[in-house]
Amino acid sequence: MLIELKDTTKIYNQGKPNEVTALSDVSLRIEEQTMICLQGASGSGKSTLLAIMGCVFPPTSGSAAIAGKQLSRMPDRFLTIHRRETIGFIFQQFNLLPRLSVLDNITLPLLPLGISPPERKARARKLMEHLSISHRESFPAGQISGGEMQRVAIARALINNQPIILADEPTAHLDSRLSMEFMQIMADLKKEGKTIIIASHDTLVSEHPAIDKIINIKDGRIHVP
Amino acid sequence: MAMIPKGLEKQLNTLDFALSSLWRRKLKNLGIMMVFSLVIFLLGSFQMLTGALTSSADAVLENTPEITIQKMSAGRQEAIPQTYIKKLNSIYGIRAIIPRVWGYYFDESTLANFTVLALDHNAMPNGSKLNLTLSDGHFPKKTETGTAVLGGSVQDILELGDRRVFSLFRPDLSLKSFQVVGIFSKQTDLLTNDLIVMNVDDARDLFAIPTSHVTDLCVYVANPTEIETIAKKIAGLLPDTRVLTKSQIQKTYQVVFSWRSGFASICLLTALVAFAILAWDKASGLSPEEKREIGILKILGWETGDILAVRFWESTLVSALAFIIGCTAAYIHVAFFDASLLKPVMVGWSVIHPPFKLLPTVTLADLLLIFTFSVLPYLGATVIPAWRCSTVPPDSAIR
Amino acid sequence: MFLNSWSLGLTLAGLIILVLGVFACRTAIRVLRHWNPSSDTNLQITLENEIWLASTLVAYGLGFQILTLVLFVLAADTFCQVIVGAMCATGALLANNFGMPALLVKIAGVFLYGFWIVLHKLDISSETYPLVKIKYIYLLLILPLLFADITLQTLYIAFLSPDIITSCCAVVFGSSAETGRNLIVGFSQTGLLFLYYGSIIVLAAVGIILLKRWLLPLAVVFSAGWLWFLGVATVAIISVFSSYIYAMPYHNCPFCILKPEYHYIGFALYFTLIPAAFFGLSTALVEPFKNRVDLAGQVTKYQRTAIKISLIFLLLLAAISSYHYLLYKISGGES
């Protein structure tokens, strides 16, 4: 089991007047090589769930095991180390550094791993070729089209060969053709053995044939319609 | 390719990123670096100037006799009879007493002030060494009247060129001519630039000092620990004189000098504090763009320590570059422009000294001191802001 | 003698180190009071962040401390110009009762901060942060030393007046029996050299054995040996090697070798001796942390690295210190 949450609860500002329970007693299991669509309105706890599955912070209570590691009570430093080995992120705004070149953006996760420049370049070129953005290698990431930015973001999520890909509203800024293209790439990645979790309202995502399961979040709980 | 350990490779990667990060914000960083370079430039000029002046001061003191005796009358100095020497014969421990004429000659045609020094250099304990300070020629012998040794700028001001003869005016405006027998070498410029050395008899003739009188007596003492006792005895025997010991001169000198340097240091410290505040402000003011960038890096797997390392490299690169620029500029300022910006503050005696070449000697110690005054406060001021920005939570990138 | 750029520089550096130390200790107190790894409160998250602050501050403090140590010696070297009777840093440091203690406290500081950083690295290598309490108690214990450091330094500068007649290194360390203030008496040069090179060989041998097979008693011998060697090497540098560097039989001074006239060779000597001794010494000192939860592997890894580093520096030290000596012997007394 790649992701296993049991009674996972996340409370922000615990013990303070502005205490918020964002997630309460969520249990779920996600197997390897599956593609999940996460749905829920804003404020439903969807982002919090995504963050816990992405090893961004540990749950307040309950257990969360991601790729064989219990996150509870793991200090920030080890969450980070675990995160960079396990999770590849694709964000809604792509979150690229606009003034850095495409190549440098893709290799950002490799810098703290102590990987040498030639190897970084080699890995990134392979991915860029695969995603057909090689011609943009030395362009600043802020000066390429939305579809290309999305591909750069995908390349960055794959650069360390992480087993899990988390995507947060990845198609929100893309037209339907590019969205379909994106889903096709994801479907291919699933075939290659990746586990993919996409948080999205987009019906193009939720109705895509490669999606194995749709999880609905409402008021911090898994909603079963 | 050689195997580089992972830890080192990681540091190199962070350094690489820090460089590109500095480059991406070049306007802001260039501004900081310019201000920082300026502060280091001032500090460095000041330190190098102090060093050059200290070495010149040491050189002055090295040739100062242990005790100087001057005759006082109505609170003013007047010529001292050479016969006083005999009165001191009874004091045990005196190595030598040398009569000296030391005064200033004002040249009205060029408005220049020369220092005239006349003494029997062979009678001085280290007299024979003095010939080494000449670039050519020799000191006037006791019997050689009408001869002189000149410092570099005296030669220039009198527009001598290759001529070896020049004249000076006596108080009654009659002319006295001299034959140049030696020129001081450039290395001693600081001390000898405005100097004319001649025979005691010639000096008396030039200044119209009565026969067998001089301006002061130089007493050389064999044992340094006896200086004070001997000075007291001299004062007892010659009540109408002022007795100056070398350490008194040194102390007076030191007090003036360290007051000046301390004052300048404090002024510079103020500049430094202002700069540290600026550095703090610049480092802590996180723009939304920077904050977003750090959030992205952190969610992509950069540890807090990695961000701190990037900030450390940024600070180090900025300060190292500013340090190099500042120190180089300071050296050029002191060596080639005679520290023209600071000299009025530092050199009290520049009024009587004609311009001289400053030769800064830069040692590791000086550089380390400049480093302590500049880079240390900068790094110290940026460490907490750097930490603050490194603690941007990673989830700020997915909110 | 405060109105002097060296005094001001030292004071400035001392104050910066003190401020860094106080900030680090503030974190230490907060961590000791509120640290609770099982809670998910904002305070705990803040504390986890502050751990980074504390370690960065101490790391900066260590760097600055090394710098001030050098600065202090160089400052003493310039002070000697205004102190009657002092001809080098030794004389200036002995000009009052605070000079030498200040120097020793500064050296101790380098070792103590360094060891804190070792502890910190070991601590954060485990997910449970097993040394967190020890680490911060230790940090709080360093704070008085920081105060002692700046106090001694300030007193030294304050009581340094140009009037005091002090002894110079020739009197203090010289082999001539002019005065009773001979710090190093009763060591014959050959005996000392025998001890010095003997210790180097023994330490190297023990280190190599430890790298092959870990034996606790031997590790203790190794670390204790380094403490001993630190002393022997210092004495050897002062009373044997320095005079070969100066090429003057009666000039024995630990500080003049730092001057540009001798190509700063003193820095090479001390900057190999001190790190070598530090890593050698810490080998056995970290041993107690082996039985902490999941720290054994990291401790062993550190010990192996520490032994390797100390041996490399030892080799360098042996080479650098012998250079002038051999040069003198080979060239038959001329150098």
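Letters A, B and C mark the chains in the order given here, with residues in each chain numbered from 1 onward.
As a convention for this text, a residue touches a chain if its C-beta (ideal position, glycine included) is under 8 Å from a C-beta of that chain, and two chains touch if they have at least 3 such contacts.
Note that the structure is a prediction, hence the values are computed from the model and not measured.
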**OP:** Taking CA centroids for every chain, report which one is farthest away from chain B.
**Re:** A
**OP:** Determine the chain that sits nearest the middle of the structure, using the mean of its CA atoms as its centre.
**Re:** C
Original post:
Quick one: chain A and chain C, Cα centre-to-centre, how many Å?
Top reply: 49
Original post:
How many angstrom lie between the CA centroids of chain A and chain B, rounded to a whole number?
Top reply: 64
Original post:
How many angstrom between the C-alpha centroids of chain C and chain B?
Top reply: 33
Original post:
Got the chain A residues that touch at least 2 other chains?
Top reply: 76-77
Original post:
What are the residues of chain B that contact at least two other chains?
Top reply: 304-305
Original post:
Tell me, which residues of chain C touch at least two other chains?
Top reply: 49
Original post:
Which part of chain A faces chain B closely enough to touch in the complex?
Top reply: 47, 50-51, 54, 56-57, 76-77, 80-81, 83-85, 89, 91, 95, 97, 99-100, 104, 108-118, 156, 160, 168
**OP:** Flag every residue of chain A that touches chain C in the complex, lowest number first.
**Re:** 11, 13-16, 58-61, 73-78
**OP:** Would you pull the chain C residues touching chain B in the complex into a rising list?
**Re:** 1-6, 8-10, 12-13, 16, 19-20, 23, 49, 52-53, 56-57, 60, 64, 67-68, 70-71, 74, 77-78, 81-82, 84, 162, 260, 264
**OP:** Under the touch definition given earlier, write down the residues of chain C that touch chain A in their complex.
**Re:** 37-42, 45, 48-49, 124, 127, 129
Original post:
What does chain B use to touch chain A in their complex?
Top reply: 1, 4, 6-10, 13-14, 16-17, 20, 24, 292-293, 296-306, 393-395, 397-399
